[in-house]
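Quick one: structure below, then a few questions.
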Amino acid sequence: MQWASWSAFFNMGGYAFYVWFSFGLTALCVLWEVYALRQRSRDALRLAQLLAQD
Amino acid sequence: MNQTWLTVLRRDLLLALRRRSDIATTLFFFVIVSSLFPLGIGPEPAVLSSIAPGVLWVAALLAGMISLSRLFAADSADGSLEQMLLAPQPLAWLVSAKIFAHWLVCGLPVVLLAPLIGLQYAMPNDALWVLVYSLLLGTPTLSLIGAIGAALTLGVRGSGLLVALLVLPLYIPTLIFGAGAVAASAHGMSAEAHLSLLAAVSLLSLVLAPLATAAALRISVE
Amino acid sequence: MLIAQGLACVRGDRLLFKDLGFVLEAGSLLYVLGENGSGKSSLLRMLCGLLTPEQGEILWAGKSIKNHAELYLPNLKYLGHLNGLKDDLTALENLQMGARIAGQDVTATAALAALTAIGIARCANLPVRVLSQGQKRRVALAALWLSRSPLWILDEPFAALDVAATEVLAARISEHLAAGGMTILTSHQDVPIQAKSTVTLSLSA
Amino acid sequence: MHMNWFKYSSPQTFYPLAGKMIPWFFWAASLLCAVGLYVSFAIAPTDFQQGEAYRIIFVHVPAAWMSMFIYLVMAGWAAMGLALNARLSAMMAQALAPTGAMFTLLALVTGSLWGKPMWGTWWVWDARLTSELILLFLYLGFMALQSSIDDPRRADRAGALLALVGVVNVPIIYFSVKWWNTLHQGSSINMGVAPKMAATMLLGMLLMALAFWMYSVAVALMRVRCIMLERERSSDWVQSLSAKGSK
């Protein structure tokens, strides 16, 4: 194990902002993309349904 | 075969001659863009001569680009594009005549005018010659690659801006080698390596771009 | 001989037609009828190879026109609803250059004769820009007097023509058919064309 | 074999198949990501020169790899779509582009977040970052072209052609940017990975890259399903699908 304590881990040797921002942003993008695609699929099905009712 | 090629070339040149204002617009755009930089940066000759290669090349690139939308748009609107697609000759061959005409009308004048603008930028004499060589080798590539973009965006909404987005990234190697040649010569180094790479890019696009443009036109008229 | 088999055409979301087929032999005329939007123009463009059919194939002399365009295109003369004329060129220049791009060398005398035949010789040296719609159409149609292609595909050739010009054109098409040519055309009006055999194809919207 | 391919290349058979595959790819991605993160943070040693900041490479490098890899795969699907006139191939190419663009953007942002503590500037015009920037332009051009053409068939074919033109140009662009970079000494900072890299560091990067790969496949399948639904909204199979969903 590289880290003496959790706080040392979160501190990242003083580069916490850069490291966690990178990983956080990546996670955010990934989650957002999955969410947006679910939404898009739902919208597409809903639209198909509306068209069917005509 | 050559007869048809020459006819396409002659027709496009004749049309350009009857609409001289179009040529003037491209040239004027080139002149005005390259004159804006000294106004924005300041008139110090040392600064100007160091940015000159890049500025002149970017200006030439943009001037070539704004005229791209005319390459096939009129032909598509009046139906002569359809006729060209149905000609017995290979489309890529006819397209190369149109691209050559475009270069003669929009590229060559810029090449000839560039050294004059270079003088305004306090460029050394040797570098001015290299500027002309590099533009002579590089501007055909701009027309060739640009033709692909023009054909892909034919009749698409917002095609003027779209063509810039498609084509400008593909212009980067030409820009790097072209401006690099002039900069090398301005620093007293040999521009030969740059110019050979520029020629290599031009040759490659000369072979591939008409084929890609022809394919893009076929897709666009469907 | 032109053969179409099982053609289907889709534009956007709409299926315009399917299972369309015909055989066109030397000397025969194919009339394509149908309302606006029924796919007449699409069918003609498909027969030229400008549009790829969703299904089916088109054969010229037994060979697919898609794979053997170099055999097919020299035999084809197409006139769409666009005239294919350059506004800044004169009628004569348009005609000559158009023919040359289609692979045919045409002298100024021959081009002038074609313009005379359809009655528009006096506009020969005017830029097409100043001509009326009907006059432009006639300049484009004059190319038929120069064409040596056996297959003509004409989209509404009679639109915007006066009675005299209509007659002249119909006579020219009859002459072409009599000489063993083939013609495919769409038209809104009845035109007196003499043909060995006439096939009518109706597209429903 | 031949028939099989045509069977799965029709949207209504591919749609449920993709639906079944997606969870598996997501599970693989999560698992690889978990192991990868453990290796990157718990096992990989601190770098002598860069301290802990170097750990950014565990997202930066895999994202950069994926951005280029996805472009290649996209061009491959595009070529297949053009050659075989297969709708599914073109849809796959279209489905990959946004994910590729996202990874390109991530590679750029994380690269700049890495550069700031190391060289004190947010942006260096080094060969890698500059090429990534140009790659982003290529992705954006592809997406812009596809979205501005209304007819889906034309959009597919035009996009495919552009992807092919792009893929021919990518090596030339990369070479020219490298050349340009070595000539201009002023900005000769090389952001390449340190030559003496511990094996665990490499392992971490590989695991993360694999995780991104699996994720990309899953997301591309999700997106291709959306595209199918949108394009074939009036077809029978979408109608019955949406009717089933509403019950």
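Every chain is named by a letter (A, B, C and D) in the order it is written, and numbering of its residues begins at 1.
Basically, a residue touches a chain if its C-beta (ideal position, glycine included) is under 8 Å from a C-beta of that chain, and two chains touch if they have at least 3 such contacts.
Please read these numbers as outputs of a predicted model, since none were measured by experiment.
**Student:** With centres defined as the mean of C-alpha atoms, identify the chain lying farthest from chain A.
**Tutor:** When every chain centre is compared against chain A, the largest gap points to C.
**Student:** Hey, which chain is the most central one here, using CA centres?
**Tutor:** Closest to the centre of all protein C-alpha atoms: chain B.
**Student:** If you count the contact pairs for each chain pair, which pair has the most?
**Tutor:** After counting contacts between each pair of chains, the winner is A-D.
**Student:** Once you find the CA centre of chain A and the CA centre of chain D, what distance in Å lies between them?
**Tutor:** Chain A and chain D have C-alpha centres separated by 16 Å.
**Student:** Would you mind pulling out the distance in Å between where the CA atoms of chain B average out and where those of chain D do?
**Tutor:** Spacing between the chain centres: roughly 32 Å.
**Student:** Report the inter-centroid distance (CA atoms only) between chain C and chain D in whole Å.
**Tutor:** Those two chain centres are 48 Å apart.
**Student:** From the mean C-alpha coordinate of chain A to that of chain C, what's the distance rounded to whole Å?
**Tutor:** The computed centroid separation for chain A versus chain C comes out at 58 Å.
**Student:** What positions in chain C touch 2 or more of the other chains?
**Tutor:** Those would be 52.
**Student:** Going through chain D residue by residue, note those that touch at least 2 other chains and give them in order.
**Tutor:** Expected reply: 151, 234.
**Student:** Could you please specify the touching residues of chain C with respect to chain B in the complex?
**Tutor:** That would be residues 48-52, 70, 73-74, 76, 78, 80-89, 93, 97-98, 100-103, 105, 127 of chain C.
**Student:** Inside the complex, what are the residues of chain D that reach chain B?
**Tutor:** 134, 137-138, 140-141, 144-145, 148-149, 151, 153-154, 157-158, 161-162, 164-166, 168-169, 172-173, 175-177, 179-180, 183
**Student:** What part of chain A is in contact with chain D in the complex they form?
**Tutor:** 1-3, 9, 12-15, 18-19, 21-23, 25-26, 29-30, 33-34, 37-38, 40-41, 44-49, 51-52
**Student:** Please output the residues of chain D touching chain A within their complex, sorted ascending.
**Tutor:** 41-46, 51-53, 55-56, 59-60, 63, 98-99, 102, 105-106, 109-110, 113-114, 116-117, 215, 219, 222-223, 225-226, 229-230, 233-234, 238-239, 241-243, 245-246
**Student:** Inside the complex, what are the residues of chain B that reach chain C?
**Tutor:** Where chain B meets chain C, its residues are 3-4, 7-8, 10-11, 14-15, 18-19, 74, 77-80, 82-89, 94, 221-222.
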